[in-house]
Amino acid sequence: MATEPAVKSIQLSHRTITLIGRYQEMEIDLLDRQTLLFLFRQMLRLRRMEEALMQEYHPADEMRCPMHFCIGQEAVPAALSLLVEPEDYLFSHHRSHGYYFAKGSPLRELFAEVYGKETGANGGKAGSQDISHHASRFYSGAILSGAVSIAVGAAFGLQIRKSRNISIAGFGEGATDEGAFWEAANYAGLRRLPILFVCENNRYATYSDQLKRQPNDNICERVVTFGVRTRRIFGNDVVKAYLTLREEMARVRGGEGPGLVEAYTYRWNSHVGPEDDNVNNYRPASEIQFWKENCPIRLLQEKLEAAGYLDSQTLGRMEREIAAEIAANFQFAKESPFPSAGDWRAMNWDDSSPLADRLLGAQSRSEFDQSQPEARLEPY
Amino acid sequence: MSRLLTYAQAINEALRQSMELCEDVVVLGQLVDYKSGIFGTTTGLVDRFGPDRVQDFPVSENLMTATAMGASLTGLRPVIVHQRLDFMLYSLDAITNWLALWRFKSNGHSNMPVTIRAIVGKRWGQGPQHSKSLHAWFAHLPGIRVAVPATADDVKGLLMESIFGETPAIFVEGRTLFSMTAHVPEQPYRVRFGQATIRRPGKDVTLVAIGVIVPLALRAAAALDKQGIDVEVLDPRTLSPLDVNTLCESVGKTRRLIVADHGWTSFGAAAEIIARIAEILGDNLRARPVRFCLPDSHTPMSMALEDQYYASDADLVSAIQKMF
Amino acid sequence: MSRLLTYAQAINEALRQSMELCEDVVVLGQLVDYKSGIFGTTTGLVDRFGPDRVQDFPVSENLMTATAMGASLTGLRPVIVHQRLDFMLYSLDAITNWLALWRFKSNGHSNMPVTIRAIVGKRWGQGPQHSKSLHAWFAHLPGIRVAVPATADDVKGLLMESIFGETPAIFVEGRTLFSMTAHVPEQPYRVRFGQATIRRPGKDVTLVAIGVIVPLALRAAAALDKQGIDVEVLDPRTLSPLDVNTLCESVGKTRRLIVADHGWTSFGAAAEIIARIAEILGDNLRARPVRFCLPDSHTPMSMALEDQYYASDADLVSAIQKMF
Amino acid sequence: MATEPAVKSIQLSHRTITLIGRYQEMEIDLLDRQTLLFLFRQMLRLRRMEEALMQEYHPADEMRCPMHFCIGQEAVPAALSLLVEPEDYLFSHHRSHGYYFAKGSPLRELFAEVYGKETGANGGKAGSQDISHHASRFYSGAILSGAVSIAVGAAFGLQIRKSRNISIAGFGEGATDEGAFWEAANYAGLRRLPILFVCENNRYATYSDQLKRQPNDNICERVVTFGVRTRRIFGNDVVKAYLTLREEMARVRGGEGPGLVEAYTYRWNSHVGPEDDNVNNYRPASEIQFWKENCPIRLLQEKLEAAGYLDSQTLGRMEREIAAEIAANFQFAKESPFPSAGDWRAMNWDDSSPLADRLLGAQSRSEFDQSQPEARLEPY
């Protein structure tokens, strides 16, 4: 394939990336069989889960919340899932399923959540785009860049407690349109916080091309000037993703300060929901085709098969296990009861104060002398 | 001549006609230039007026607002759109520290005729970050006008009034209204700020219904009619300025007041309306005034909780029955 | 044991004692670590607790708020400070789309005990970008507590209650109170949210005075006493939660209500208080309720205009006289 | 002076700048005598005006508003004053006097404004930190970075009207802490807007050192990645400032897209007011000394005298003219009446609508069919 440039020879960008044709550079030799199979299995699980949710979404209409699927973007979550520690914090945006999955948060609680059930991760209060799972330190939310900022705060908390854990923020290139993102980068760089920024650059924010919103496709070049190390990778190469994230997470964990990994990838579906949004005519067919051909699962599968690590029997077993897991999750979700509202106040305010009860006495009532003058301001 | 148009079509027509009437009118907002066009409200504009005047904006809400403001200094009359009001919260500095006080601070030398459209989600799992309606906040701000149009004809007239007016305005548009129709005049026209409308005359109780609640209020009123309770449904159409005269006239007549609002109860718009009436009419009421608003809670996503969070026609009916 | 402390000293003591009691307490804010220490309220803390726990923050208000939030997830109990409430407007996304709804959205699994201090300028030409008080906005938000402490003893107790409580709180601190003294207990103590205090008992009229207005209210009450009008001055101390019981008891007794507030009149905190009373007590009042608030206008800088913008003791006296 | 590095040989930064000792590189030959004298006169006028305001500020206490003086930072405003056109827009921050001056807005209205008088630029509503003068297209405000964003909007307006005028935003390095600033840079770069960003880097935001707030002293390196040309200069060299601004303004005016000039400079006074804020112990005495020795006025004055362009007689005349001007401004301000409030509503809302009156007819009343269903939401 002499006419197609290797990814190494081009400056990675969504404008140039389709030039590489079929991606050929995955280096599976860098990982052992077990890790490779685990990565593969995780990607497949995530893919099948998303497919199943999509399938059920309409016309059943029992999952009534906006849902942003991540089909095509499985490599980064799968890689993260092997690397993130239980005590690490992981924050994500609206396209949350992959990150929820990566954090090892219980999937049946995700299913129950999107069905709006009491057993959902948030008892049905959040849905797909706002899901969180406090016990496993996973949080998401639908306001762009908002969770990135909070992730920085978690990193600050970890830093001053001298924890070896880290904070991870997953988001899309769209979030970097927001000023909030740059405040986060600046402060992370300033304090050398233990945070890893993971930017899945899938070119679009909803329908809007990155170059309609930013002068250049150069998030790494920008972020590095804010004191944050950056790495740019072809994000559908799960081996690359795994190795890069592993390295960067180790550095962040080791006190080397914040890093950012920008992974070029692509969502196959419409921005939100399983509907097709091609009516907006924003993505060239050839681009979609390029990315489908370079499906992260397929790229690895071919390598695994060629290496003799994966045969159809193993694959079949995997598929069956995954299907069973998904079926069980659906069953759990569907059979779970709906929540009932109860006390709106208690849902929103916690009026208990165990710590204050322990530390603080009651006040003796005092008088206020009303004859005294109020302050007269100075310039500041 | 008027035709039945949906609320979304009426907005679209208001924008198109405004842009035709005056080339200073520009529309900024994420995705305004795609076919789906913000629930159809901006569809087709870019083909007609080009990408300078119909501009997909970066996801930078604070800057978008400031851009509209700066542009208005050069004589433009920008309309900006937020697909959800929640996204607009990034822009509250621009609105509160700059836009609202611009005229005041300039000693009347400079106005910023900027129109901000904010769409409020409701139900179908919008959840806590896609469904807030903060019209009470905006109405608290000096220097900002706040429209809560409920019908297709009002939204067109108010939008054009705002675009060609001199004071910035925020439009809070209930998403569930977008497919509802009304007769909308073809020609450009105005609906003035600060003029309430009586959507249904009645003598027993004044039901003030704010924005997206209007259809529900009318349905409840129809149901109560059958039970012999004659409800006057008052749609203020704008909260700032608020048409206090029409309000007082109505309550002076019915001597009962209930305010239905799609905002949180406490420190909300309904409090203002009740306080105004209390200040002006004092103890002339035959029943205690009532607030019929959202609970003081963020929005749950689950449909089961939505059913409890959002009131039904029947809930409003029974709230009104209790006043008698 | 209590001593006379200024309001600023009481804040300083609350912070210092809280940081001593619990190493999870951190203070973030621009310039908190310099000698001048935000009008003296943070002076000395950095020497005692070091720069990790007392941190000069970049001029990035949105991130500062989010940083406090994220830090609270790791168990910290951050206090953040804004030298002017106006600067905080950049952070309204963090507050409204995240902090306020965090507990709700987490289904009660996760709280964010973050305390936000916002100082409100007044007079001496602060002007429209340095003097806004948006307590009514904050009180409209589910999931946020709002304190408007008027005295040194209250601000210490409420601050410590907030720091060691579980729900985020916003403190609106009137700058003109900072040099006023009160007897402040030495030991750490709490003042609970949602408990109003009667600062002066009276039988003829209930004067609800919010935050920075309290001293003015007390002076007006003293003046009216000489004229035979016995004013009960009620200081709610916190707007969210609001102590409706004490309010109703007082107004039930006096059957006259005036609310004095250092916020804009329309859609403000006074409207809420009047609406609550109207809902609960109905026509049991002897006079129409009255709002004594700022005009619906941004703040002028000129001292001549300030004199007209900010009410005097005499203005309040005459407003109350008119109720009789 | 062989031991002292020339400014050319160092990477300009507040950390390194004092190494240059006495600045020697001003090239007055690049400008004609008249321009040089005008620049000198403008700096002197601004200096004397600020000194006079400071003098009067306390204890007279008749100017009751926070005031941020710009003594030491006269070079950029003086240079701008020769370059900005009446139809250009100029936006500034709280430290507004220099920019107001640069725009040629009437100084007596500034004096009257800070006295809170009816004849002030804003009728006494705004004061020093919020002053504006609409007729001359000058605007300021005290919220960091806020006016920068609005300046971008003015540039957008000028661009789509194909005007040859430009928008200029003046601010300090502190404003670049705000995310709002980066949204502005991004959009200016994206649309190649006709805007010039002028950053006077005086090292501190109030008392806080740039390096306490940002990982590096590298605003130019950051901004350029957002698609905005950048130039970094020693900001007390008024010739350099003039030439750089002239070049950049010409490029912006010529449609070459946005630029930023970062001028390293220093305020001699406390952050706000004429009081001394050294109690906060944030600036080394040697640093203050360096900057006073490299006073922008003195640097030029010495060159002018050496070149024989300025003698004590000319200088004396200038000083007298300036003193007379200042005295007249004070007199105007002091003799002007205070405003009276009048109608708060009309001050905040403009209820007139001349354009709507002309373009729009009245509506015919229509009925609403209450039997129709409300919309049921889709995911989006």
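General remarks:
Note that the chains take the letters A, B, C and D in the order they are written out, and that residue 1 is the start of every chain.
Note that a residue touches a chain if its C-beta (ideal position, glycine included) is under 8 Å from a C-beta of that chain, and two chains touch if they have at least 3 such contacts.
Predicted model, so just to flag it, every value in this text is computed and none were measured.
Comparing the CA-atom centres of all chains against that of subunit B, the greatest distance is found for D.
Simply put, of B-D and A-B, more C-beta pairs touch at B-D.
The distance from the centre of subunit B to the centre of subunit C, each centre being the mean of the chain's C-alpha atoms, comes to 30 Å. Subunit A and subunit D, compared by their mean Cα positions, are separated by 42 Å. Averaged C-alpha coordinates give centres for subunit A and subunit B that are 35 Å from one another. Shown for subunit B are the residues that touch two or more other chains, namely 57-58, 60, 62-63, 86, 89-90, 93, 97, 101, 104-105, 124, 126-129, 142-143, 296-298, 300. Under the contact definition stated at the top, the residues of subunit D that touch 2 or more other chains are 65-66, 120, 122-126, 130, 141, 143, 177-180, 183, 186, 190, 213-214, 344, 347-348, 378-380. Residues 30-31, 34-36, 56-63, 86-87, 89-90, 124-130, 295-298, 300-305, 308-309 of subunit C are the ones touching subunit D in the complex. Taken in their complex, subunit B has these residues touching subunit D: 2, 21-22, 26, 52-53, 57-58, 60, 62-63, 66-76, 83, 93-94, 97-98, 101, 103-111, 121-124, 126, 142-143, 145, 150-151, 153, 157, 160-161, 164-167, 175-185, 187-191, 199, 214-215, 218-219, 222, 241.
The residues of subunit D lying in touch with subunit B in their complex are 89, 120-126, 130, 132, 134-135, 137, 139, 141, 143, 146, 149-158, 160-161, 163, 167, 179-180, 183-184, 186-187, 190, 344, 346-356, 359-364, 366-370, 372, 374-380. Per the touch definition, subunit A reaches subunit B in the complex via residues 63-66, 116-117, 120, 122-127, 129-130, 141-144, 174-175, 177-180, 205-208, 212-214, 277, 279-282, 338-341, 344-345, 347-348. Listed in rising order, the residues of subunit B touching subunit C in the complex are 62, 86, 89-90, 92-93, 96-97, 100-101, 104-105, 127-129, 132, 134, 136-137, 139-143, 239-240, 242, 264, 266-272, 274-285, 287-291, 296-298, 300.
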